[in-house]
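These notes open a run of structures that come right after.
Each of the two complexes below includes chain A, the first together with chain B, the second together with chain C.
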Partner chain A sequence: MDAIILQILNGLDKGSAYALIALGLTLIFGTLGVVNFAHGALFMIGAFCAVTLSRLLSLSHEVAVEGEVDFLGNPMMKDVPYIYDIFGEATGAAIIDWSVPLSILFAIPVMVAIGFIMERGLIQHFYKRPHADQILVTFGLAIVLQEIIKYFYGANPIPTPAPAAFTGSFDFGAVLGFDPNTIIYPYWRLVYFAFAAIIIGAVFAFLQFTTFGMVVRAGMADRETVGLLGINIDKRFTIMFGIAAAVAGLAGVMYTPINSPNYHMGMDFLVLSFVVVVVGGMGSLPGAVLAGFLLGVLESFASMGAVLEVLPGINQIIIYLVAIVILLTRPRGLMGRKGVMEE
Partner chain B sequence: MFGLNSKDTKLLLVVIALTMLAPFILNPFPEGSAMAQFNGGYPDLMQRLVIFGIFAIGFNILFGLTGYLSFGHAAFLGVGSYAAIWMMKLLTMNVIPAIMISVLVAGLFSLLVGWISLRRSGIYFSILTLAFAQMSYSLAYSVLTPITGGETGLQPKINDPRILDGALAAGETPRANLFGLEMGSSYEMTFGNWVFTFNAGYYIAAVVMILAFYLSIRIFRSPFGMMLRAVKSNQQRLNYTGLNAKPYTLAAFVISGMYAGLAGGLLVAMDTQVGAERMFWTASGEVVLMTILGGAGTLIGPVLGAGFIKYMENIVSKINKTVLEQWFAFMPDGIEDFIITIVYPFVGKGWHLTLGLLFMLVVIFLPGGLVQGGQKVFGLFRRKKASDEKTDGKTTPAE
Partner chain C sequence: MSNSNFTRRGLIKTGAVAGAAGLSLPTYLRADGHSGFTNAPTGDTVTLGFNVPQSGPYADEGADELRAYELAVEHLNGGGDGGLMNTFSSKALQGNGILGKKVEYVTGDTQTKSDAARASARSMIEKDGAIMITGGSSSGVAVAVQALCQEAGVIFMAGLTHSNDTTGKDKKANGFRHFFNSYMSGAALAPILASNYGKDRKAYHLTADYNWGYTTEEAVRTSTEAMGWETVAAVKTPLTQTDFSSYIAPVLQSGADVLVLNHYGGNMVNSLTNAVQFGLRDKQVNGKNFEIVVPLYSRLMAKGAGANVKGIFGSTNWHWSLQDDGSKAFVKSFGTKYGFPPSQAAHTCYVQALLYADAVERAGSFNPCAVGEALKDFEFDGMGNGPTLYRGEDHQCFKDVLVVKGKENPTSEFDLLEIVEITPVSQVTYDAGIFGGELGVCNPGA
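Up next, the complex of A and B:
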């Protein structure tokens, strides 16, 4: 029992990342009808927003330490971040420590701007082109974005730690009445899951309870009619693209402490996220979220020792296997709508 | 000739001439000159040019004719490679059985994958093929390690059985050969400052490519090819006429899978080692790039695309900062530094950036690829000529 709970928990953080990326993907697909292969790159850029901010915050200058000399007899120099000069040492250190959560504020405008530029500059010219062309041009864009990041940040993963308050782990075993130390779960992953839940809830609430969201949903159902009613649906869809980009970016920002960001992390997630979208049903938002968590949890169950003994290697392929079975038995995915991509 | 009309015969002859004279064409600059690094006439690169040409020709039969975009073709290349290397390890280092088995195994594997994937179309088909390819890749890396060698991959070892081959002399390593003619052996011709390399492996691969190209022309011009085009233009209408498109698309899928297997087998024949990374989905993406860049649905396009990408990959990756400094040395210092700073991210390790940009530009402005670009330029000249004639006042009345 405790092993099962542990695997569910383990699946949740990866599932959260899948769900967030897949949510953005299917949002773009549902509104604009574009298959965006560059969505993984947006996730990666989000992660590098966190890296950039933490580097910016730790920019420092040298200050002589009074009363001390190094072995050559010169005054001892010490690096002092500029932020210490502004906020004082204690606050400055706290800000640097909390750079990852702070990056959320930094990443939102950056990601929305990137989303706008992408949609207006490139993707709007592809609405009328075949899906193959959309896939190919966004695939090219993903390569370009990835290589730009690689040029500026290098090819190695860059460790970006979580705030000190969230290091360490939470002992679920003790809370739930099992033996202590059987179910140990890092705090940051709990934070990630909660964060993902909030973002997903916010996106759904935005679509469900605001006038703007209502118009967008109407546009998803029948773009032409909404346009005929005198509503500038293109503008709203552009904004939705920005939001989808921001969701992917935030997923990336918060993922940095779990997995050190590198330039190809977007591609690694993209392929799986596409599978998630297809399993959930192209164009269905709840389907994407459901499938994201489901596949995340399934993947972590498949990596259990007991399962691997029976079916070696199953953890590597379980997601693809599920996707194949689902596509063959339920072509529209778990919650797919009728008439989406069925030409 | 060979059942081709005159236009196709001309095309085939051009391809034959290009491949046979490649050691000259790719080595236009004398040895030791500043431009020598643009020479592509070394065996390794030439072999890759034609082998990936075969891969792209095969991919084009599926994508160019039926419009089904497969993102998993690298899996067939990989499976073919593994089959070939096992043939070399167990039976003989002769390349013929290795290549035959690679085509056969890749064909069977593509039959399985195609049979399942072709139940869906559009993006779902792409995702299914991608899923299969990624599965093969993951399995090759993990569970199937006894067969695939996992991360280390496979190479022929001294103590492999090789039933048909005689025992090796002491200190000899097993080398891929064709009835004793080693793939790596080459003849160098020196002509003034020029050095041209004629490599046995290259010519074998080139002959195979010409055969593959000929076959693809025949497929394009056959009733079967016409049927595949009908699938692309409107599958629904085809169904309404009472035809089942599935056998045709499946046949196209298997044929292109066999082409991929052939390419995989040849890769092993030229360089006797296999790693799972050649099944990774970026490798599948690469063949899509080649086909699109050259021009999907055209005969010569994929060959041009494959050649262009592989040549650029090898040449552009070799340019480093020192080379750039040599090139722009004639400029004033400030401008030189400025230009080098701008160009540097695109060359050397930044080759993928150039590739990505090139790819985007082609998809945006030239959906028909290089072939369409060539036709546009050609058309421009032709129109000019036509208008020249008009000014002469000798136009014949259009009756």
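Up next, the complex of A and C:
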């Protein structure tokens, strides 16, 4: 039982990342009809927003350390962040320590701007082109973006730790009456799950309870009619592209303490996120979220030692197996709408 | 025992075989008639092929390898401060190129993919006339390129490759490895682990699901079980895995009190980060502190894992903080040129380039079979690893192995590992036959 609870918890944080990326993908597909293979790259750029802010906050000047020498025998120089000079060492260190949560504020305008530039600069020219063209151009764009990041940040992962207050793990086992240490879960992953729930809730509330959201939903259902009513739906859809980019970016920002970001991390999530979108139902926002968590949990279960003993290698194919079964039994996915991608 | 044909009788036999094969071999596998071997240099230059990962996940490691090769070429041609040529026990190299020919080089991108690595090596041999191929940061790539070089009749001086197979079951007569291997890591680590963590331990292995992972797991298991440890589970993890939480979460439930991460590169960074996030190192199991072990360390990877490496044991082929004359000379040369200390990948690649050049000088020929003969059973010193033997039976270098630990209080971004022990070569030496495989005969390509 404790092993099952543990894998459900594991699946929830992995599912959170899938759900956030798939949510953005579905927003873009549902509004603009674009299959955006560069969406994983937006997740990766969000993560590098956290790396960038962390580096900006850590910008330093060198101070000689008396009595010590470096690897070449020259006087040892120590980096002292400028932020220490401005706020004092204790406050400066605390600001650097909290650089990942602070990156949310930094990432939102950056990601909205990148999304806006992507949509206006490139993707809008492919609205009326076949999906194959859209996939090719956005996939190419993803490769360009990741190579740019690799050029500036290198190929190796860059450690971007969570604030010290969130290091360590919570012992669910002790709380739930199991043996201590049997169900432990890192604090930051709980934060990530809560953060994902808030973002998903905010996006749904925005679409459900605001006039802007109502118009967007109407446009998703019937773009032409909304246009005939004199509403500039294209402008709203462009804004939605920016919002989708911001959602992917924020998912990336908060993911950095879980796995050190590298230039390839977007690609690692992209394919699985597309499977999530298809399983959830193309164009269905609740479907994307539901499928994200479902596949995240299933993937965790498939990685259990007991499961692997019976079905070796199942952890590598479980998501695709489930996708096949769901698409065979429910061709539109779990919550797909009739007519989407069917013409 | 020697498997080379660089004897009178061997040359006749090789010539006959190669002559017959020449009727059907592609152009690049045949040398000019007058030279007798592939890509024999005819002008006043000689071309070396540096096949390193310039893109893909090990691109940073490949960049450091390339820096080392460029430094080696500079030193071979008489530039710079001479680096390790000043401390190398062999004095055949004079700083006037190789056999008086100026050293030039071409580079290829392995992308850490076997097919891409073979294609780039093939291109350097066929189009650029490279007489020797060297480099790489992966055992899969090393084994693939080594086989190609064997077919093509050029020497392969392996870069960073740690699998037993490179000089074990997949060894080739034209291939040579300076880097240590999984067996040596296990043999060096086990006594240190036993003395620090005790002999009554239960280990849980997470192993990268490919060739290097298997040989490393086997080596560490064999060595630690011989010390009294019990292996409670060994789980293979996909090479493409980025989040290891579902593999790490069950570790404590298994009753294990040690986690061995047979991972390298991004796998190591992520699995170690995840394990620390789950608080494994803060736990007490079986009345003991829970411990993590990383059999193969790399400073570049340690940088990626950040503070998570502190206090964790592993092994490495070389480290810039060594204080022997060779290491100090190399760190000075490299550090002065590039502004930071070299990685172990850079060191092994630089040394391999010099060892090849030295072997050519001593053999008096670029003929790969002559060079191979010069490398076989060659004993040398002054290259940063102490007295070293290039064993003739499997073309594996035998030297001391470093057991290292993540430094608790690093003084700089490079100061991540501290040397715990230099394990003597006698403790990591093994019988050449235990991993199977055959060197075969040297192929000069003509």
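Here is the rule we go by: the second predicted complex is superposed on the first by the 327 of 343 C-alpha atoms of A that agree within 3 Å, B and C clash if a C-alpha of one lies under 4 Å from a C-alpha of the other, contacts with A are read in each partner's own complex, and residues count from 1 in each chain.
As a convention for this text, contacts are C-beta pairs under 8 Å (C-beta built on N, C-alpha and C of every residue); 3 or more make two chains touch, one makes a residue touch a chain.
Since we're looking at a predicted model, the values are computed, not measured.
Of the two partner chains placed around the shared chain by superposition, chain C is the only one that A:13 touches, whereas chain B remains out of contact.
Contacts of A:275 after superposition: chain B is touched, whereas chain C is not reached. Within the superposed three-chain model, A:161 lies in touch with chain C and out of touch with chain B [touch as defined at top]. In the superposed model, A:259 lies in contact with chain C only, and not with chain B.
By the touch criterion stated above, A:189 is placed in contact with chain C alone, chain B being left untouched. Shared-chain residue A:105: touches no atom of chain B or chain C.
By the touch criterion defined above, A:303 reaches chain C but does not reach chain B.
By the touch criterion defined above, A:76 lies against chain C but remains apart from chain B after alignment on the C-alpha atoms of chain A. Judged by the touch definition given at the top, the superposed model places A:175 against neither chain B nor chain C. Under the contact criterion defined above, the residues of chain A that touch both chain B in one complex and chain C in the other are 316.
Chain C contributes residues 55-60, 233, 235, 238, 240, 242-243, 245-247, 249-250, 252-254, 266, 269-270, 273-274, 277-279, 282-283, 285, 300-301, 303-308, 320-321, 331-332, 335-336, 341, 411-412, 414 to its touches with chain A in the complex. Against chain A, the residues of chain B that register as touching in their complex are 67, 69, 116, 119-124, 126-128, 130-132, 134-135, 138-139, 141-144, 236, 281-282, 285, 288, 292, 345, 350, 352-353, 355-357, 359-360, 363-364, 367. Those residues of chain A lying in contact with chain B across their complex are 35, 122, 125, 129, 131-133, 135-137, 139-144, 146-148, 151, 267, 271, 274-275, 278, 282, 312-313, 316-317, 320-321, 323-324, 327-328, 331, 341-343. Across the interface of their complex, chain C is touched by residues 2-3, 6-7, 9-11, 13-14, 68, 70-72, 76, 150, 154-159, 161, 167-169, 181-182, 184-186, 188-189, 257-260, 262, 264-265, 268, 299-300, 303-305, 308, 315-316 of chain A.
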